[in-house]
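Structures incoming, each one as structure tokens.
Two complexes, one shared chain (chain A), two partners (chain B, chain C).
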Partner chain A sequence: MQRLGDFKLPAFFNYPPYFTLQPVRETREKQVQLWKELILDYCRTQKIFVIGLEEEFPLFSNLVIERSLSNEAREAFLSALVSEGRAEWLDKGHRKCLILWHRIQDWADLILSFVKENGLEDSVMTVEEIRSGIESRGTELQGMDRTVLMRALKVLENKGKLAIFKGTSADDEGVKFSI
Partner chain B sequence: MRRRPGIGGLQTAAAARDQYRLLGENVAKLRTDLMKEQLATFRSQLEDFARKHKNDIRKNPTFRSQFHEMCAKVGVDPLASNKGFWAELLGIGDFYYELGVQIVDICLATRAHNGGLINLQDLCKLLRQRRKSDRELVSEDDCLRAISKLKVLGSGFEVISVGKKKLVRSVPTELNKDHNQILELAQAQGFVTVDEVERRLSWTSGRAIDALDTLLDDGLAMIDDGHRDGKRRYWFPCVSSITSVGADS
Partner chain C sequence: MGDIFTAASVTSSGRPVLVENEVECNLLSNVDLEPEDGTANSFVTLKSGVLILTTHRLLWLSSAKAVGIPLSSITHIFSSKRSIKSVFHSPRFRFQVSAAVITVVVRGKGDWEVFLTKLWECWRARAWEETTTSVVVSRESTSSGSGVGSGSGGFYGSDGSVRMVGVAGILRKEQQLWESTDKSLQDAFQDLNALMNKAKEMVLLAEKMRQKLLSTSNSTNQDEMGSKEEMQDWLLSVGIASPVTKESAGALYHQQLSSQLADFVRIPLERAGGMISLIDIYCLFNRARGTELISPEDLFQACSLWEKFDVPVMLRKFDSGVMVIQNKAHSDEEVFARLRTLVAKPEALRTGISASDAAMTLGIAPAMAKEHLLTAESKGFLCRDISPDGFRFYVNLFPEISPNDLYLVKDHGIYGAWIRAASVSG
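Presenting the complex of A and B:
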């Protein structure tokens, strides 16, 4: 079994035709399904939030069998994720894609349980602290994408679970929990 | 002077006929009894044999296949019915029915990947992976027997020979001679190109493309445009041995 770092690649990754978009509908559905699972799995384990279509991305090429995905194929697989709510295009030209292996709502739930576990129900934290503070070390929140975090916090704010307020500088936003 | 037939003569002739018939019946009965006795002996011998080698039959695939061959020669089918002596003694029927169910499962699970045509070797490998907790080994011969039992269901399970390999078909597609030849050609590398088909089989390009397109539509082939030489390759998952694809999902 081939590996990318500590990531175990599935067998289809070594089968050349999976790198060409299949013309027959049923075969293509299976192909897209396998790629969607692979992309989500890989991003989750490697904590990757943004994939640039034209940038180097380890899954898009397989040096062993000398195949790489065309831009069309990359866009097709990511679009399939977008249509399921597991990804979002960050630009109109579909060149950058935000991968949501947890949906925004799931991230919001993770934040809630993080707050409860650490007894922070009435505390104040900066956004940066949630991503890289001592409390979040070893949790899924550690190192999470700032855009995704802000979106999840907004969801919670709309539910009245917290209030976001501006700090002195622009990148220093704070959160007051009230759960 | 010649005696004319009288009542006494007629009676003698009738008595003689009766005697002959009686004797004949006796001989026939004797023969039948002998035959029955021989059959009983034979059956009990076969049972003894089966009982004695029960473990070998259950555990050793080669022995099992030889036992089946022997049974076939003497006209006994241990799989004919799940009830009765053979099933009770060996549990052979259940074994094959179980295999059958697992084979159907694997064929369905891998269908999206291989279009419903799977290499017998790959099928066996998947079957063994699935039964790994089970210490009883499964041979290709066992697979073939289980598949032949599936025919009763009329579900279109069939074993076809392509070149040296046996493929198990679980979809009702009919493969014609052209398709078979392409599959045979593909066994060497797992794929073919249009050029190769034309050259090796001396076909016109129309015929090659037509056959390949049908195989593609049936989900038996996948295209690969990624090779350096820029020639489209047609891959056939049913003849290559990437077996874990599709099976685990």
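Presenting the complex of A and C:
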């Protein structure tokens, strides 16, 4: 079985047509679906939040069969993720893509259960602490993308579960939980 | 009525079947044949058919009926009278066959005056008499060619010349033939008109050579047989004795051409496995026509007209724009079945197939094979792989892969077979 680092690749990764954007609608739908699943799987295990189209992305080339995705194909697969709400373009030119293997709402739920598990219901934390503090070590929150985290916190703020307040600099925004 | 008309046979697409050396000269549409009042041998008026003039006959064809009048039985062609009445009438002319006088009423738009002139020409040319003599001549030459070793007579022919005996005889015969062929060719190419006049002769020559090859093939060794058979094929493809031309068919040109083409493509289509590209047919058809070449546009027009008639062939346009002629009975299913077997072979599973691989398996041109592959792809049997190595097709595995479990491989099925084949190389 072929691997990318510690990621186990499925067998069809060596199937050359997998790397050519299929023109026939039904075939393409299935191909796109398989790519979406693989991208989400890979990003989840490797904790990758942003895919740049112009940068090297290990999944988009297969050295064994000497195939790689064209830019058109890359954009097509990522656009499919975007239309499902599993990704977002970070710029108008569609050059950078934010991958949401958990939707923002799911991230918000994860934060809530994290807070409850650690007994932080009425505490104050900085945003940076949530991403890299001792409490979050070993959870999915560890090392999560700041943009995604802020968006999840905003969702919770709108529900009245917490309040975000500004610190002296942009780096140390604080969160006051009130669950 | 039986006295005047003879039955005329037609092909499946409604073209008249011509006798040897018979050539079509002109054609009028929407013609009635009426009996002259008061003459003996009266017949029922034949309404609205196509009147075809050949060097040998007048043919009247309608969808229900086909009759012919040998020109040899025409005893008189009346010069047409011009009167005030004729201004209001459809144009008409008359001719006499034995005791009956037949009036031809032209209701269509064709140029009946030209037709009448041609009728005069053909009637006077008495082509049917020439045929009889030339057939006799050709029979004589064949019999003397094939008479090698048959023991009919001694070394000398009845005219005192040395008979052809043994291998030397064959060689000499061959040389004589070449000399006469050479002469024919030189005569033929003097100018275009001469070539046209020679066309009939050339067809005859081709037929003669074929006959000769057939008769001598017994005495030659096996190696030469193949090339002789090929030669025969070439010779057979030389002639459409009476091509439909703009001159002869006028307004009905495309329609008649269409019918003739439908008859013509039958054999090449069979050989090509039920489908042939328009370009190939264009070349074959024009070679068969000899001098009366048609333009690609005419060919296309003729093919397009097939839709309107009941012919066993059709024009098909692939999504890519490539146009082909195919039998109506030809089914893609059979082709797909063969393609599917081809792509399921271990080698093809691993590396895919190119258009030329498919062309070799199917025995067709690569361009056509590509069309078949693309059609199979559009039906979901195949999918493509475009790489620096080229454009290849693989069996479509996508439907077998489960999106819920990317690592799931069923033991049976083509996905499993593909993994086994791919792992052999890896």
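Quick note on the criterion: the second predicted complex is superposed on the first by the 179 of 179 C-alpha atoms of A that agree within 3 Å, B and C clash if a C-alpha of one lies under 4 Å from a C-alpha of the other, contacts with A are read in each partner's own complex, and residues count from 1 in each chain.
The rule is simple: a contact is a pair of C-beta atoms (placed from the backbone, for glycine too) under 8 Å apart; a residue touches a chain by one contact, two chains touch by 3 or more.
Note that the structure is a prediction, hence the values are computed from the model and not measured.
Trainee: Please determine, from the superposition on chain A, whether chain B and chain C clash or fit.
Mentor: On the shared chain A, the partners clash.
Trainee: For A:K8, select first, second, both or neither according to whether it touches chain B, chain C, the two together, or no partner.
Mentor: second
Trainee: Quick one: classify A:K30 as touching chain B (first), chain C (second), both or neither.
Mentor: both
Trainee: By the touch definition at the top of the document, which applies to A:R67: first (chain B), second (chain C), both, or neither?
Mentor: both
Trainee: Applying the touch criterion given at the start, work out whether A:K96 contacts chain B, chain C, both or neither, answering first, second, both or neither.
Mentor: In the superposition, A:K96 contacts neither chain B nor chain C.
Trainee: Using the superposition on chain A described above, determine whether A:P17 touches chain B (first), chain C (second), both, or neither.
Mentor: A:P17 sits against chain B and chain C alike.
Trainee: By the touch definition at the top of the document, which applies to A:R151: first (chain B), second (chain C), both, or neither?
Mentor: neither
Trainee: Considering 91-99, 217-225 or 343-351, which region of chain C has C-alpha atoms that clash with chain B after the structures are aligned on chain A?
Mentor: 343-351
Trainee: Find the residues of chain A that appear in the contact set with chain B and again in the contact set with chain C.
Mentor: Looking at chain A, the two contact sets intersect at 10-12, 14-17, 19-20, 22-24, 26-27, 30, 33-34, 37, 66-67.
Trainee: Which residues of chain C touch chain A in their complex?
Mentor: Where chain C meets chain A, its residues are 352, 377-378, 380, 383-388, 392, 394, 396-399, 401, 403, 406-407, 409, 415, 418-419, 422, 426.
Trainee: Going by the contact rule set out above, which residues of chain A touch chain C in the complex?
Mentor: Touching chain C: residues 8, 10-12, 14-17, 19-20, 22-24, 26-27, 30-31, 33-34, 37-38, 41, 64, 66-67 of chain A.
Trainee: Which residues of chain B touch chain A once you look at their complex with the stated criterion?
Mentor: Touch list, chain B to chain A: 112-113, 115, 191, 216-217, 219, 222-228, 233, 235, 237, 240, 242-246, 249.
Trainee: If we count contacts the way the header does, which residues on chain A are in touch with chain B in the complex?
Mentor: It is residues 10-12, 14-20, 22-24, 26-27, 29-30, 33-34, 37, 66-68 of chain A that touch chain B.
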